[in-house]
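Each of the two complexes below includes chain A, the first together with chain B, the second together with chain C.
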Partner chain A sequence: MNTEKSFPYSHIVGYLISLALTLATLLVAFKTALPKGTIMLILAAFAVAQAGLQLVMFMHMTEGEDRDSKVVHTIYAIFMAAVIVFGSIWVLTAGHPIY
Partner chain B sequence: MESKLVKYPVPTEYQSEQGKLNILGFWIFIAAEIALFATLFAVYGVLHPRTANGPSGAEIFVIKDVVIQTLLLLTSSFTAGLVIHQMRQGSVKGLVTWFVITLLLGGGFLFMEIREFIHYVEVGAALQVSAFTSSLLTTLGTHGAHVTLGLIWGICLIIQMLQRGITPKTASKVHIWGIYWHFLDVVWIFIFTFIYVGGLI
Partner chain C sequence: MDIKWDKILVTGDPLILASQIAIVLTMIGIVVGLTYFKKWGYLWREWLTSVDHKRIGIMYMIMGVLMFFRGGVDGLMMKAQTAVPENTFLDAQHYNEVFTTHGVIMILFMAMPMLIGIMNIVVPLQIGARDVAFPQMNLLSFWLTFAGALLFNISFVVGGSPDAGWTSYFPLAGKEFTPGIGNNYYMVAIQIAGFGTLMTGINFIVTILKLRAPGMTLMKMPMFTWTTLITSLIIVIAFPIFTIALLLGALDRIYGAHFFTVSAGGLDMLWANLFWLWAHPEVYIVILPAFGIYSEIVATFTKKRLYGYTSMVLAIVIISVLSMLVWVHHFYTMGVGPAVNSVFSITTAAIAIPTGVKIFNWLFTMRKGRIEFTQPMMWTLAFIPTFTIGGVTGVMLGMAATDFQYHNTLFLVGHFHYALIPGVVYAVFAAIYYWWPKVFGFKLSERIGKWHFWLFNIGFNLTFFPFYLLGLMGAARRMYTYSAESGFFPLYFISAVGAFIMAAGFVAFAYNIYWSTRYAKRTTANDPWGNTRTLEWATATPVPHYNFAVIPEVRDVDAYWDMKKNGDKYLTLEPKDIKPIHLPNNSGQPFYMGMMAFLAGLFLVFELKVLFYIFAALFFAGMIYRSFDYDEGYYVPVEEIIEKERTWRDDSKWKAN
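Our next item is the complex of A and B:
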């Protein structure tokens, strides 16, 4: 059943934004003289933006009858991922002077 | 119910109860995959400075090849989106065409990754050299294994699509494969940003 426009505008816009964010990542990382911490914060924002774009524009997360279940469950998974990554790094590196 | 369906047309993949449940179930699986890759990123985040007497990331990463890999996977994610778009237009021919292009791009990515691994072994960064190389190659390898599975899965779906056409059953399978493929691109975005670019600055 035809539920979308015949020309995939949103896909092309999503693709161009993804390319722009990838290019921006490279420019900020290698062409600026900002401190490393600042650069990583900006890059993290770019990565999260690009991941969110994929989820909503390409993965059809926000459609269908089960959209609320999909969105809440995925957001919870992302929260758990953040706890696992930042929690582990914090607990396992804080106070160890090799860094 | 009938009139509701006419008023709000539903894409083919959501038309059967089983298809809807399978798609929801796959999103729950994706959450488990998010947790799996989170543990790998956590290990890498903790262990990457521990290079023993082996090379560090900045010494072995080849940014040009990484950018090519990123563009290949990013483009394949876009064309995978077009597969679903064509499916919703009801075009088996368009679907299969974009599906083949997507898998070729995915194959190109995998070729680059295998070459990259051979390069790492050549420059003395094999799996057993240090905590850094172990965590790096485990993370990249897990992602690469997922891409390999996605390619085999995609080839099977193309064959089935050519045999059976777009039905609620085959459509939900292609939709689920699409979710999986985009998810692999999402994981790659984080590998690209935090492992490669982060390792090079």
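Our next item is the complex of A and C:
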């Protein structure tokens, strides 16, 4: 674990970026006239960025001796979740025309 | 709901009546026996509440063997029914229930408990740990699995068994087409057992990642520990899918939802999709630990290091990833179109590559080795050709274009029995013969073991090879009878004869346990096979409850072999090196929670919702109680450790203290 007691710059930076992302989300949602689908897409992108930021900056994803295994497991779990969700949608909607 | 309470006990079938009487007599026998020998306290203190991973493992194994018997009897009943054309031994409904419970019990309540039992006994010892990471949760896993199995097993006498196949496809399994309560058992009992399995998965991931002995890097872990780690990862990824599928299924059946129904916008094939998203990885969950078992045994009995360790690890990792990417090959015939079917044909064929790597690695391990034909090795040797037949027919089935011909024929049934029986059952037998002396301090008889081996192998091939031929002749699976003109009779009859030979093999196995328990020579030698390689053989036999007097240091993949060759301070320990050992206390709480889960499940099956809510609340109360539990465990005093270590170490030196 990180034992040095220096000023937590990375936490401050992470906090500021998080705030910026949240503000950007609000601005996109309420102050733009983009089509609804586009807004949702941008919001989703911001949400993913926010989640990734939190994992790295605050949730010790990249720290500790088992850092590599945490990163691998997280990426694998996200990949599998994507396979399950998008795979299912693909399989169940790609039916043969006669069905 | 329209449950006929006066007809809740299944009646009218002499077979079921006989089993009802047998169940009552057995229960009376157990109660009387325990009371007469004053064993209630012993049973409660030493077993039912024990958080010792070895005890929990043994309880899993006992449950697995009992379920193997139950599932085996189901199998024999099916074989008796189809032995001759137009047979009336079982009617169609009873046959449906029997093949459903056979499938569910063999996969979920036989294969899983057996392998989880072996993992429990072996993995903490192989990595040089004192116990698993969460010992009490481990016991809770066991009791939830047990509660699920108990609930599922009472179905055939109370209320009727599920009858929609182990795949329980909707819409057939839904209320519209199967209104009785039988399929509620499926949705509820498997859910409870599934919670236990999921916790086991988490437990073993943490155990293996966090509790390895100093020096044991990931690439120095024994192969069985590797396969357990990967299996646990698949459990954690795949089981939640089934949890949700069962939840939706239960909501459909019990609360009138429409997730999988034909009417009201439900999507019946979504069940098949979710089911196989779990069930395909599930077969790898049961087969990967078996691969690990064979790897340990091959290396031990050829007196050689396992060939291609790194490629073995890579192979199981690739298998685990691919296992999540092939689920559609179970329902190509749904009509998902050429693009989807092609993609899944390719991923399916790709699995043959890492599996082939493993087969060749075992063969190369044996090359130029000194093979000892002990029981564990015999089962391993029998596994390789039979499993290869199962695997190759699997590749045939995996091609979408040809699968339209094989789908739902006995060819498929032949394939998965050839994959799962050598892949799981042989491995479990091999593991039982291999680790039995470690756990109990005596070997099972080789002489009776040979009877077991040959009867079971001949019986297995006689039973299931005709399935391939019958399937190619057009015999569909799950048909309770066939006409004389079909020409199926000779092969079906051979298959039935084989099944009874296989059953005789199981009887030989049971007799072997009985005979060896009474007459086999006892040993306290830590390495009864003489050529073992991994850490579990470095401690006393039977293993003391603290596992290792001090935690050994690891320098090599074959940690114990390296100790023997190069010397190690663990083997020359002196009494002054011993320090008190911290262990967890036993707990009755997992038993309580298991029973609450059972009762909650039972009431949910019978759709008595208020009672279900009460017992579910009592179950969660156990979790809340647990979070205020400050039990810190206890210390094993040095004198007790010294006393135990004296049984197998250099006696003179240890007696002085």
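Quick note on the criterion: the second predicted complex is superposed on the first by the 78 of 99 C-alpha atoms of A that agree within 3 Å, B and C clash if a C-alpha of one lies under 4 Å from a C-alpha of the other, contacts with A are read in each partner's own complex, and residues count from 1 in each chain.
Simple rule for what comes next: contacts are C-beta pairs under 8 Å (C-beta built on N, C-alpha and C of every residue); 3 or more make two chains touch, one makes a residue touch a chain.
All values derive from a computational prediction rather than experimental measurement.
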- Item | Comparison of chain B and chain C by chain A residues contacted | B
- Classify the contacts of A:V72 with the two partner chains as first (chain B alone), second (chain C alone), both, or neither. neither
- Touching partner for A:F46 - first (chain B), second (chain C), both, neither: first
- Could you look at A:M80 and tell me whether it touches chain B, chain C, both or neither (first, second, both, neither)? both
- First (chain B), second (chain C), both or neither touched by A:G95: second
- Task: Check the residue A:L27 against both partner chains and state whether it touches chain B (first), chain C (second), both, or neither.
- Result: neither
- Item | Interface residues of chain A shared between complexes with chain B and chain C | 66, 69, 73, 76-77, 80, 84, 87-88, 92, 98-99
- Which positions of chain B touch chain A when the two form their complex? 9-12, 14-15, 20, 23-24, 27-28, 30-32, 34-35, 37-39, 41-43, 45-46, 49-50, 67, 70-71, 74-75, 77-78, 80-82, 84-85, 88-90, 175, 178-179, 182-183, 185-186, 189-190, 192-194, 197-198, 200-201
- Task: Using the touch rule from the top, collect the residues of chain A that touch chain B in their complex.
- Result: 1-4, 6, 8, 11-12, 14-15, 18-19, 22, 25-26, 29-30, 36, 39-40, 43-44, 46-47, 50-51, 54-55, 57-61, 63-66, 69-70, 73-74, 76-78, 80-82, 84-85, 87-89, 92-93, 98-99
- Touching chain A in the complex, chain C uses residues 209, 233, 237, 241, 267, 269-270, 273-274, 277, 321, 324-325, 327-328, 334-337, 339-340
- Query: If you look only at chain A, which of its residues touch chain C in the complex?
  - Reply: 66, 69, 73, 76-77, 80, 83-84, 87-88, 90-92, 94-96, 98-99
